[in-house]
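Quick one: the structure is below, questions incoming.
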């Protein structure tokens, strides 16, 4: 059996085709075409959708909606998505960014999925053809997910309230030792009133840093005041071990990099 | 947090050619009817530039410009035996074989020229531009083009030569290890300067100053290519590379260029290369093999620089941020 | 780059016409236009794709192999096992009389490392070959494996390779290659300080951008042309001739344009089986390593352990050096016995030391066989030696560069392997490095020369 | 095995071929069309040797299915020289001794071309970023970075 590509104009039709055994959704190709090239014979058909709305970026009223087929390059160069640009640029080299999609990144296993770390901190809504769900819910169940993701939506952060940091061994393009995204609301004198922090590589998929978030409330972003948040950063994490770094190393440097993101 | 700076030095030597010898290489050289020269080999160009260097060696020996030499190599139906491209042997072994073959061809060429000019072959010299002239009387000359035509169609001479280079094999004496591993050695000294982040163990190599002694830089731009690339690989070996990151544990081996770590274009150290030339007694125009040794001295130089910066010794390669951080924590724990 | 012509000008003739000139590379125009032909740029109609079924275990007995389902898979043309290979047990250095033959082309009864080739599948497409490979059933009895060299050398360790009978290569000199020079124990007794340190490395991949591979085409006259990126044409041809029990005149190898080697393409792994496949099917065959195979299946640079014990005087003279080197060969020899031996010749480094004792071992473990890589036998040794030099300098409170001047070899000095030093240039390299790096050393060192002893 | 038609413009000329469904653009270019300038270094999207330009954007042909390129305008290094005259990037790689084994070169040149098309006067940082998806094992990258910078300078001099 050869590998068959099936092209549909609607998500609905594609979704039906995806029910077949061995069918996988083709986004940018960086995950599934690679798997096929590497001899994953469990894959027998690739399903893609040409609906142009999947590639649309809509920004209005302080909210952004990114179609699932929007590429990292499209996010990175969009003038109204400046806050997200560092996270989009953190994915791959230029060619990968022209291919890798927002939808695909949601499924990328650690150490990949840096953009999803940002989406998690932004409390994005994942839109599928079956409806909408919070990104945390989506990530928890993503391995079993059969529904086609069509978009993600999130309130646009003010540039100064959103921070992103990816740590990699190889520059400028290397996969993550870890990545951190933080959405912080602060009073005019700098006191944190709300915090959403997400980590990459601290589990098999992006995760929230709830203990650190909580410890940050009421703090100013000084080395001294964030210390309890850094101490709590590792709570609930289960970092991956891979060729890039061990779980031990990731756990050790997580507070260091979180501290630099918050104070630096 | 502190970024701490340190520097380290290392000095090395490296044997040219297959250890203990016994690794022959042959070359054939012949002229075409219009005085171009074909070098026939079975040596392999891995990208280091073997073909170009053999062309220059042949050209220098025959006395023609390099663009009149064609290199036909790595076809076992046409090329004579070569042991292979490894052990920094290509330039040294194949170069010697090419010189020998080219000298033989040159001798025939001069003999034919001598007949045409009605002088003794020993009175002739080449001008390097494609002409043969009488020593001391350069107006009396003939082009190599005409000499080759004459050899082919008038005088029935084959302007050709055979070359073979073999360092006889040495067998180590069992109890003392007395042996002759190599006939010549290249040398290097590298000073590396690094910055170490003492909270993360991350190392930045700021600069490396490499001094290489390579016998003879046959083509300086190509020597530079190899030395710059080698210096990068040495740094890469020092800090990044392994197929088994948790050796001897066999798990988590990288399977792609994302997982197999090497410095990217944003990680480059400022690299200075200085070349010295002490010609070897048996190398082609004194050349030694710089291909392997140029990637060696950076490794200990970087290791020593890391110690200089943060006071911990990492005696296991690669010197990863994790190994440094563990050592720093052990140091702090006293 | 700076060429410092003032050094050694007295022994060198400059001003040649072609040598020493930065002529443009004749291969570069092909590279920049994409026209340079690498082996995989040759495509033949009807070419078959070879995929290898590999061992999922580090060490296991093969109880049975069932290829029936794979053979029936659409697009499959041939499935090869050990019994198809005429001379299945081989070793590449047999060509220079370094045995024993200790490795199989396709596993026969046993696998000794995870990734070892067991069955070769040939199919019309790469995809069909992959699908069929997944249908090959191999029944394994998993055996205890050993990964650590020290463990492997202990009595009672699992035996990695029966062709050796013990977990180390047996040299004519015994369990290791030895160098003995002077009296190392007397040297230690005389020394002001003793420093013994251990160094370790991990396996390293060549990572050429072009993976190892070949394309074989039957010429129709009982000859086979093998387009290959081997680093050694006749070495590969002659080994293929032995493995295939085929006269060398039947083989025609074409190569010589290689996308990076670094020592990774001298193992003769892909060519023999691809030629055999072409012979048995009468079809062109390509066998090209995937990147994953290049990373984890092709031989890496060996992991090494180096233990150095030095006796040093307060004035910086090293009076005794004992080195024990261990090369992790993995499951099979390939070039590792040669590499370990090269290490023995290289120690004690570019220094003149009166009392030297070297032992280098080539050790077998259940991992990917290691082999040649840029500088093997020396690269890791230099790391160990030169870190050791730094430690010695700090131990006696001396500048590390000055310590090296004191001990540097010079013309005429006797090396530990009993060859007099010729053509030394270490001192001049260090002098130039001292200047370039602004790392000052005492004037007496700057006045030294490799030409003769003493200032 | 199902064959499907693919049709696109390659370096200015129309190409139409039948390939097996699921064939990558890399394999279609190399095996069917005969343009072997894109190289298969990993088939994983991690080395950049297969880089081509599709409708003005740098893409990895090893991860792009040929069927998805219908009507596309594809450029490869093989089509870069016009009328036998090398492109300034090719010239710069040659003059700058920026090739060794040459296997990464076509991909590097594609990545650099996209950069210079959009950013005629790039900074070193721009060049580093543009080349970051392309692996070179021989050169240590510096000569390649210098070649791209030098091509940019040559271009701007020609324009001026």
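Chains: A, B, C and D, in written order; residue numbering restarts at 1 for each.
The rule is short, and it goes like this: a residue touches a chain if its C-beta (ideal position, glycine included) is under 8 Å from a C-beta of that chain, and two chains touch if they have at least 3 such contacts.
Note that this is a predicted model, so its numbers are computed, not measured.
Considering every other chain in turn, the ones in contact with both subunit A and subunit B prove to be C, D. Each step here moves to a touching chain, and the least such steps from subunit B to subunit D number 1. Among the inter-chain contacts, the highest number of C-beta pairs connects B-C.
Chain closest to the overall centre, judged by the mean of its C-alpha atoms against the mean of all protein C-alpha atoms: C. A straight line joining the Cα centres of subunit B and subunit C is 17 Å long. Between the CA-based centres of subunit A and subunit C the separation comes to 41 Å, rounded to the whole angstrom. Subunit C and subunit D have Cα centroids lying 33 Å from one another.
Each chain gets one centre point, the mean of its Cα atoms, and the points for subunit A and subunit D are 29 Å apart.
Multi-chain contact residues of subunit D, defined as those touching 2 or more other chains: 1, 20, 22, 42-44, 46-47, 97, 100-103, 128-129, 131-132, 135, 137-138.
Of all residues in subunit C, those that touch two or more other chains are 25, 27, 125, 127, 207, 258-260, 262, 290-292. Residue positions of subunit A with contacts to 2 or more other chains are 2-3, 36, 38, 172-173.
Interchain contacts join each chain to each other chain, per the touch definition above.
Chain contact summary for the complex, subunit B toward subunit A: residues 1, 199-201, 240, 245-246, 252-254, 258-267, 320-322, 325. By the touch rule above, subunit C contacts subunit D in their complex via residues 24-25, 27-38, 40-41, 43, 75, 125, 127, 206-211, 258-260, 262, 288, 290-292.
Within the complex formed with subunit D, the subunit B residues making contact are 46-49, 221-222, 224-226, 228-233, 256-258, 262, 264-266, 268, 271. For subunit A in complex with subunit C, the residues that touch the partner chain are 1-3, 36, 38-39, 41. Contact residues of subunit D toward subunit C in the complex are 1, 20, 22, 30-31, 34-44, 46-47, 49, 76-78, 80-81, 86, 89-91, 93-95, 97, 99-106, 109, 135-138.
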